[in-house]
Amino acid sequence: MGFHLAPEACNCSAPDTGNIEILDLFGTDEHREKWLKPLLQGTIRSAFAMTEPAVASSDATNIELRMVRDGDHYVLNGRKWFATNAMHPNCRLLIVMGKTDPHAAPHRQQSMMVVPIDTPGVAVVRSLPVFGYTDREGHAEILFDDVRVPATDLLKGEGEGFAISQARLGPGRIHHCMRTIGMAERALEAMCRRADSRTTFGLPISERANVQDWIAEARIDLEQVRLLALKAAWMMDTAGNKGARTEIAAIKVAAPQVALKVIDRAIQVHGGAGVTADFPLAQAYAHVRTLRLADGPDEVHKRTIARQELRRHRS
Amino acid sequence: MGFHLAPEACNCSAPDTGNIEILDLFGTDEHREKWLKPLLQGTIRSAFAMTEPAVASSDATNIELRMVRDGDHYVLNGRKWFATNAMHPNCRLLIVMGKTDPHAAPHRQQSMMVVPIDTPGVAVVRSLPVFGYTDREGHAEILFDDVRVPATDLLKGEGEGFAISQARLGPGRIHHCMRTIGMAERALEAMCRRADSRTTFGLPISERANVQDWIAEARIDLEQVRLLALKAAWMMDTAGNKGARTEIAAIKVAAPQVALKVIDRAIQVHGGAGVTADFPLAQAYAHVRTLRLADGPDEVHKRTIARQELRRHRS
Amino acid sequence: MGFHLAPEACNCSAPDTGNIEILDLFGTDEHREKWLKPLLQGTIRSAFAMTEPAVASSDATNIELRMVRDGDHYVLNGRKWFATNAMHPNCRLLIVMGKTDPHAAPHRQQSMMVVPIDTPGVAVVRSLPVFGYTDREGHAEILFDDVRVPATDLLKGEGEGFAISQARLGPGRIHHCMRTIGMAERALEAMCRRADSRTTFGLPISERANVQDWIAEARIDLEQVRLLALKAAWMMDTAGNKGARTEIAAIKVAAPQVALKVIDRAIQVHGGAGVTADFPLAQAYAHVRTLRLADGPDEVHKRTIARQELRRHRS
Amino acid sequence: MGFHLAPEACNCSAPDTGNIEILDLFGTDEHREKWLKPLLQGTIRSAFAMTEPAVASSDATNIELRMVRDGDHYVLNGRKWFATNAMHPNCRLLIVMGKTDPHAAPHRQQSMMVVPIDTPGVAVVRSLPVFGYTDREGHAEILFDDVRVPATDLLKGEGEGFAISQARLGPGRIHHCMRTIGMAERALEAMCRRADSRTTFGLPISERANVQDWIAEARIDLEQVRLLALKAAWMMDTAGNKGARTEIAAIKVAAPQVALKVIDRAIQVHGGAGVTADFPLAQAYAHVRTLRLADGPDEVHKRTIARQELRRHRS
């Protein structure tokens, strides 16, 4: 019955993709040999630990996990959550963002480290349910309690954490957006099929003008947002992640917004069935809703776009 | 941490309320003695079985569960779902809507029966998860396979099912709307507290003008929708359920819409925490979202209001 | 053809209403005799001059018109606009807000004066068109060039201007909102009649589900916003303008928003005719659109409501 | 002060563009010599007369202007309006849609004729104001009273009117949309500059998060809608007007919607000035608002898109 979105199936690869990018760009030869290879072969999985439960993590200066130098090690203390994939049975690696120098300039306070998940002091505390759904791979909450990590596992250098995270996020965001658009396309298809298959008050639902408006608006919105995703990808290829900053932020905001509207209306057309597990619509909604928060809430990305736009008109 | 909505706790009483209303208005002395008394004492629970998985049940002529007269019994065959409460350990009673005469006038085809849940042929098949949440009391799918029910348990008379359902739904809808408004008030409070407690880019979130707009719009919308709920209740008291038809339909559409907007923004202000179980926001969202479908989707109620409005301007 | 809103007809009384309120509360015996009487008798008209073209006047500290004490007079220099009624042939009186002390506390810098429109130095420069419409009574731009006004025509005292404006605005806003709701009711009626009278693709427009949704949403929204207006008025009567502050701000924001949505959809149902002068819809739209700016833009009022709401949840 | 949109300046060429297209595709040699040449040289202007005041003209079967064969002439009787350009001093030509056979198949009832504006019986009755604005070139109402036109001036053949109108409308719609997007870009620029230049409560408006959200949403929406316009144009070039049907309908709906949202918010940021003639925002709004009705209301185009989409998922 219905169609197959399997959002959890494709979703789980996202943190690996970003981590692969990081290790490829900033890893040592040893990192590449030990972690990048098996990640590319798919024999191990990894998670990315940036967001913290206690602070608004979209502002990187709020990060509280401390990384204190102690001889040739750093000692990590703090708490992370929404570390997607960390509960996957094959997860072996965490890439962790923390603060090495709270007194440096705002974007030089953070550093990033490669931390094997079995390092003593690392405790995966629990999996966070999202709208009642618990993925097998998990959005994990992880406690770091006096975790000692060799200084050689600091990526690129002290104070480079923010820059690395920026390099990482662009591609990850595009991946999420493409999948999001795909989910919305499937929801639109489901809406059409359902509207054709049910009748109320003597008319197939697909002949009601309000449902036709929803279908048309979905198609109009999806055409636009797909073109924006393509442009953002093309900008990344031709102008680089930094040159594509506005486009990446724009698609990060636009894709979930369009998809949520389409999925919500598809749910409405499905009636009660739409909120159950008989169709993947409610789960898709829950998944896409979290994307308006993951890697920074919409408002942070809009702020970036607005400041860029204001600057353009000042010159 | 956070506040306590316990939507499932209050939600579960709704079907009982409606059933109590039905038994009080249309039950025989025996029904009142055997079912109404323990329901009022709270020693048993009951469920209402109207919606069907195979058809758009908002159009009552689509109902497919058959009630065929056989001597002094009716034989019931069909499938229902979203029978809230049916999995409650104390649930003893079902009130079931079915079709006695498919050839009668559209609103005279349906009848309603009192069916003990342990009647042979009644099978509670499964509990329907809603956005990943499974209530203890359950939104049950129930199969009726040659269920024999004494003809004396037909309420009011053959062909009275639609009229009874109308009598039942008014009060039930108001109850839902009041609880919905209460949830939205709680979400607004949570949004304010959270916005005060977190800081980004040097400012408490509560001082950002976009979040202030959300808070103000929530207050403006809630003031209005509460007044509408009060008016609808007052109309029911003074003009009766029929005279209050437009107001009941209006609040049935308006309350969930306002609440979903408020809860969604509260989630956004909470960041990742908003979609988890650490706050009741995501579950409240899922619950209220189903109210846009329960007892008929928004579109059916809007149709009623529009036809009423058009009629007014024709005279 | 169509119906009669005559927004300009009712609109013109609004500044008089506010000025009558001011003179009644804060005028001297002479003011009452000379100005209040003929205003109440309707033999003269008056305008209120607060907004300035050069600054964001919603923040009273931005007001630039200077009132400088010189012996037993004040000398006024500055420019005002949106002085509604000032071009009415019977307009004799201006009530002018200006700054007497730029170094006082923010809300003690302003004062208010009674200024006959024929005082030397007062020049009504032009009438401001609104969306292409020019009212006979005018939204005037007025230049004050060394205008000498007796100190006895200062209302209440130096530094009282802001407090007087607050006292004045509450009732004025309610009047605007009531008329706005009335216009929206008329637009809804027009939408229904038009939808009934035209046919496309074999169906009266009134039977299309999207137009039915618009009609229903208009009714649902109007019921709510009318109740809010009634509550705001009742609060003003029972708790005073200050106690009703949140309700007044809420209705000031909500009424135009609801009305614009209804009028815009009525225009859409009227086709090309909707934007012409054959129906009063476009003019009503233009008029109501300005209400989202008059007496402060929505954003200023939302800010007030949000700060109030945040305060409630801090205690 | 402000910037220059001059919507009326570019707007006026639109009907000529469409008429040029028609004459080029379907005109006789004589038509090309007599009308097409001077139109291309810009020495004369023309108008297109399709919409009628008495019926919902978006459904072509509603057209009431009769074209009755009488010997080697047709006699035209009826009333048209929104004939843009007809009041231009150089306007010499009308292209008129009418009904030759009310009993033919729905899309074979209409024919199109070339009618010199000085033909006896043609009376330009009045110019229609749009939101209070009256263009010099006019949206004219034209009465046809026993207008005799040679049969040789019927374009392509009897019953070809609908097909010709379809051929004509695609390019015209794209032109409108491109200008609409340009207006919205200008409005966004004006919004940014104004937000930078005014201060309330101690902050430039451009630093308020709600205004920043508006600016960001404008940029996000404009990026998408521009890409859709480019795709629609590319589809017309590569797949033809018919193959581009969905894209043309989509951009016809999307461009005005995006532009209206941006312009409305730009008005809000400009305060009272935004609705006056000191800035071109209100006039741009009025102009773009009519585009949601011109060449068929949004709802007709959405219906087309929805039916197309539903068809795709049936196979």
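All chains are identified by letter, namely A, B, C and D, in their written order; residue positions are counted from 1 within each chain.
Please note the rule applied: contacts are C-beta pairs under 8 Å (C-beta built on N, C-alpha and C of every residue); 3 or more make two chains touch, one makes a residue touch a chain.
For clarity, every value in this text was computed on a predicted model and none was experimentally measured.
Visitor: Report the chain whose mean Cα position is at the greatest distance from that of subunit A.
Guide: It is C.
Visitor: Would you mind pulling out the distance in Å between where the CA atoms of subunit A average out and where those of subunit C do?
Guide: About 47 Å, centre to centre.
Visitor: Report, in whole Å, the distance between the mean C-alpha point of subunit B and the mean C-alpha point of subunit C.
Guide: Between these chains, centre-to-centre, one finds 43 Å.
Visitor: Can you check how far apart subunit C and subunit D are, centre to centre, with Cα atoms defining each centre and the answer in Å?
Guide: Here the centre of subunit D sits 35 Å away from the centre of subunit C.
Visitor: Of all the residues in subunit B, which ones touch at least 2 other chains?
Guide: Touching at least two other chains: 208-213, 299, 303.
Visitor: What topology does the chain touch graph have (line, ring, star, complete, other)?
Guide: Per interface graph, the chains form a complete graph.
Visitor: Spell out the residues on subunit D that touch subunit A in their complex, using ranges where they run on.
Guide: So the residues of subunit D in touch with subunit A come to 188-189, 192-193, 195-196, 206, 209, 211-213, 215-220, 223-225, 227-228, 231, 246-247, 250, 253-254, 299, 301-307, 309-310, 312-314.
Visitor: Using the touch definition from the top, list the residues of subunit D that touch subunit B in their complex.
Guide: That would be residues 208-213 of subunit D.
Visitor: For the complex, give me every residue of subunit B touching subunit A.
Guide: Checking each residue of subunit B against subunit A gives 51, 53, 55-59, 62, 81-82, 128-134, 198-201, 205, 208, 210-211, 267-268, 271-278, 282-283, 285-286, 289-290, 292-294, 297-300, 303.
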